[in-house]
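In what comes next, chain A is part of two complexes: it sits with chain B in the first one and with chain C in the second one.
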Partner chain A sequence: MTSISKPKSYIAEVLAATFLFPVAYLVVLSLATQWIFPHAFPKALTLNRWISLFTSSTDLFSSLMLSLGTALSVATIATLAGFYTSKHLAYHPQRNIWMRLSYFPFVLSPVIYAAVLYYFFIQLGLSGNISGVIIAQLLIAYPYSVILFSGFWSQRIHNIEQLVQTLGGNRWQTYKRVLLPMAQGLLLVCFFQTFLISWFEYGLTTIIGVGQVQTLTLKVFQYINEANFYNAALSSSLLVLPPIILLYFNKKYLFQKRW
Partner chain B sequence: MKIFGKKLFKNNTEAIGILLFLLLAVLPLVLGMIYALLYSLGLAGLMSHGFTFDYWREALSDFELWFSLGYTFYIALTTIALSIFGALLLTIYLKKPFQQGWTGFSLYVPLAFPAIVVAFLVFQLGTQSGFFARILFQLGFISQPSSFPELVNDPLGIGIIAAHTFMAMPFLTLYFMNLYDQENIHDLSQVAQTLGASRIDQTRRVVMPLLLRRAFPTLVLYTIFVMGSYEIPLILGRQSPQMISVLVIRKLRKFSLATIPEAYITALIFMVIVIAALVILFRSKKFSYDLDQ
Partner chain C sequence: MVKPLKAKRISKAFDSEQVLDDLSLELHEHESLSILGRSGCGKTTLLKILAGLESSDQGTLWMGDKNVGSLSSNQRDIVYLYQEALLFPHLNVFENIAFGLRLRRLDEDAVTFRTNKMINQLELNGMQNKMPHQLSGGQQQRVSFGRALITNPKVILLDEPFGSLDADTRSAMQKLFKRVADEINITAIFVTHNVKEAILMGDRIAKLDNGKLTIFDSIEALVKSGESSIHEEINFWRTISDKH
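Up next is the complex of A and B:
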């Protein structure tokens, strides 16, 4: 084991504390009864906001459930559709073109993408409702899923697939017994990454949802506008908490090259 | 149809896969761009009075558009430069401590923050009555909130840059650290040392060029991501200049319908810039489709 010099270790610890400080700040602000200038610390702390979130049917709790439902739907559809599609794109002679095309919607600013698509969502009756928001978020999460899975479909996987079919396995059995188990780790990474794309999304949701689909990110913005910083901190804590839990289980679920 | 289908696709499952991709990834983008173009030419939407270049003439002569584009580039390039600088320092000098224990864990925490929460945090910490101002007040460095420098909603976009850097730097550090191990940069650095290179030379001529060259596509994609950001400049920016996404939505949502074509033109210009950047990037030999490298 290599040793780390003391100064380097101290600097790293100071920086690490800087990265962790925002989490503590948000939690403390969400617990503060009052915390205004010039006080460096809140006068008192209370659990009331957190308790009322789970004991009474509040707007924030509805938003939490809405965000959760939306993110789970987007993640499930994007992962399964991305897995299925990426296989056909990866083995297609025009693979390079397909893969390049999949970057465009993913890299483009979601809010600008939503702005140019808004007309079509109105025409299809998909603006201002949850299904429209899910479809809109899929337009970003799905290409990401395709890109992520493209690395999985190698020549080795192709050979294994052919071997299974030679041995009498049908397409369904190939997926169920070979491909899905082999891709299990990547499927989980993709599920959590697309979950987070939806969970973190604000711009596209506010445009397509016309402010009526009040996910947690929209709640944060609403509370900031109302200068209700304590509730903004509470909703922010709710947004940050699931990814940190994921981080505890597996860092790879959170750190994935998205750009 | 069957003959046509056979020509394009090997079988039905391939056809479904590729059609699904076209439907979800390609068609919306194409339709969106066509609609924006038609609107900007007076051929679609509430402002359609027949083909005209008037909206384009007005938009292109509007100083606000170019100012906003310049501001967007300034924010994105400053953010990426600061983040690369910080990430390189951490990777080169603090790689070991950041790969173990709670310090290693801390580097992942900023990745758990959505942009809107980071914007809220920077707003809370950096305003003239925010947390930093309170600390300085308690320490006796300032006597009133207005003595604290404007870090939020400021003309230089300090708050916006700080928020983006908080998100980008840990991400790039983790990425550089992965590359450092994957590319055997430590061994190459040792070879350089054996051949007489000083510590600075090793960093300057081996470590940095290798990391930056390998990370170039990701750095370009991240810069595009920052250019298109919305929540952070919306909360931490000011009315003028505005980053391009904020400008597009402001023009689109104004009560006056007259600004809608200009909003679409601004969106189109941004989309063309992004597409051009991607096309150039795709020509790079170093570009890989596999994100999980």
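Up next is the complex of A and C:
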């Protein structure tokens, strides 16, 4: 048993190192004073870039806050609305048609989807502002959430809902005391996934935001295009940090086996 | 005398199929009415209409002197129990049983006292902290009863509650339910397709067939009615008895 588990553990460690090395290298590069090709590592490191990020008002810090606000809004709205909507779709007589429609946003690429809808965003005054970007991202995150939750609802859950009602529970109590706790694991997975969808979204944000909504992902692309690799490394480090933190704090809910 | 539950001229059709046809029934205080009927004869539909989980096409429903037909299921004080125990998987035995009391926001001392008393009555001592997946089918069904009985509902509707249990557990559960029902004077409708269970559990027996409900005042009346399943049962035991 030990002889089998040791190679497995070794392979896992190698794989983990393979994935973590680029992230660690990004952080090193964000701390570099100067890095010249073909040296593998910078000659000297400094915290100045990180310190100035949090001490003076920089574009990058604004983008970080903007991305956090957008992703948290999208994840919260998509998760709650998706949970509620998926329930009504699951018990709807035309369930199959509605479920097929919820796949529609994924048939087109986000960029084409945004281009198709752009006219309506202009007409509604939603082009080039944060509200428009949140709504645009919800067009992807919300149906994703509906699809994810569609497997939760079943005849058994429907019977449990009815049982709670006959025990005296109103609609709010049914959600609060039974449905939401039962779906807790799935809710966290959905929140995490929709957060990531928003956090790394580029196409929709670029078109609907028309360059005026500079999220962190857009900043990374901007710095790469400018060949400003120190700031590109810094913004990339910021880009990977929140998902890692979120994953770390939710790992027990995301990966543990529940009832 | 005011009846705890009175249904008058209830009818229900699904598309062209008439499931319940001008059906009426009255429950007496603290009695169990067994309703016999084959699968798909409309027993579940009847119980769901009484519980407010399904609407009827016509008819009225009274609890005491109050017309409850327009009340939603959570306002009727009628608990409907499914064949499956349907315990809440995120709550332990204690919290499952205490669920109805928590909904009514009783204080913690009252919840603890009444829940422990129910656990004791249902012979579930020592299982308070167990999760539903750690219980056997019979234990789950007992927790389900406890959860329904603890709030003292005016009427309990049981939809073949022992249908998924093995013969021994089923027999033990029938005795346990009968004892607890007598102890706390519940008023219940017990639906089953098993004639022995209907006789054992009911103070009166009724038969649902072709959307019509016939209520018998005694077992003799049921036997005289020519109900085929009871004659099959009698003939079976006669054959066994003759062989030995």
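In this text, the second predicted complex is superposed on the first by the 232 of 259 C-alpha atoms of A that agree within 3 Å, B and C clash if a C-alpha of one lies under 4 Å from a C-alpha of the other, contacts with A are read in each partner's own complex, and residues count from 1 in each chain.
As a convention for this text, a residue touches a chain if its C-beta (ideal position, glycine included) is under 8 Å from a C-beta of that chain, and two chains touch if they have at least 3 such contacts.
Since this is a predicted model, take the numbers as computed values, not measurements.
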| item | value |
| --- | --- |
| Per-residue touch tally on chain A - higher for chain B or for chain C | B |
| Chain B versus chain C as contact partner of A:A40, first or second or both or neither | first |
| Partner chain(s) touched by A:Q155 [first = chain B, second = chain C, both, neither] | neither |
| Partner chain(s) touched by A:S56 [first = chain B, second = chain C, both, neither] | neither |
| Partner chain(s) touched by A:T217 [first = chain B, second = chain C, both, neither] | first |
| First (chain B), second (chain C), both or neither touched by A:W98 | first |
| Partner chain in contact with A:Y142 - chain B first, chain C second, else both or neither | first |
| Touching partner for A:P22 - first (chain B), second (chain C), both, neither | first |
| Touching both chain C and chain B, counted on chain A across the two superposed complexes | 259 |
| Residues of chain A defined as touching chain B within the complex | 2, 4, 8-9, 11-13, 15-17, 19-20, 22-23, 25-26, 29, 36-40, 81, 84-85, 87-89, 92, 98-105, 107-113, 115-117, 119-120, 138-139, 142-143, 146-148, 150-151, 171, 186, 189, 199-200, 202-203, 207, 217, 220-221, 224, 229, 232-233, 236, 239-240, 243-244, 246-247, 251, 254-259 |
| Residues of chain B touching chain A in the complex | 13-14, 17-18, 20-21, 24-26, 28-29, 31-33, 35-36, 45, 90, 93-94, 96-98, 102-103, 105-118, 120-121, 123-125, 129, 131, 133-135, 137-138, 145, 166, 170-171, 174-175, 218, 221-222, 224-225, 227-231, 235, 244-245, 248-249, 252, 263-264, 267, 270-271, 274-275, 278, 282, 289-293 |
| In the complex, chain A residues that touch chain C | 156, 159-160, 162-163, 165-170, 173, 177-178, 181-182, 184, 259 |
| Touching residues on chain C, where the partner in the complex is chain A | 51-53, 72-74, 76-82, 84, 86, 88-90, 99-100, 102-104, 131-133, 147-148, 151 |
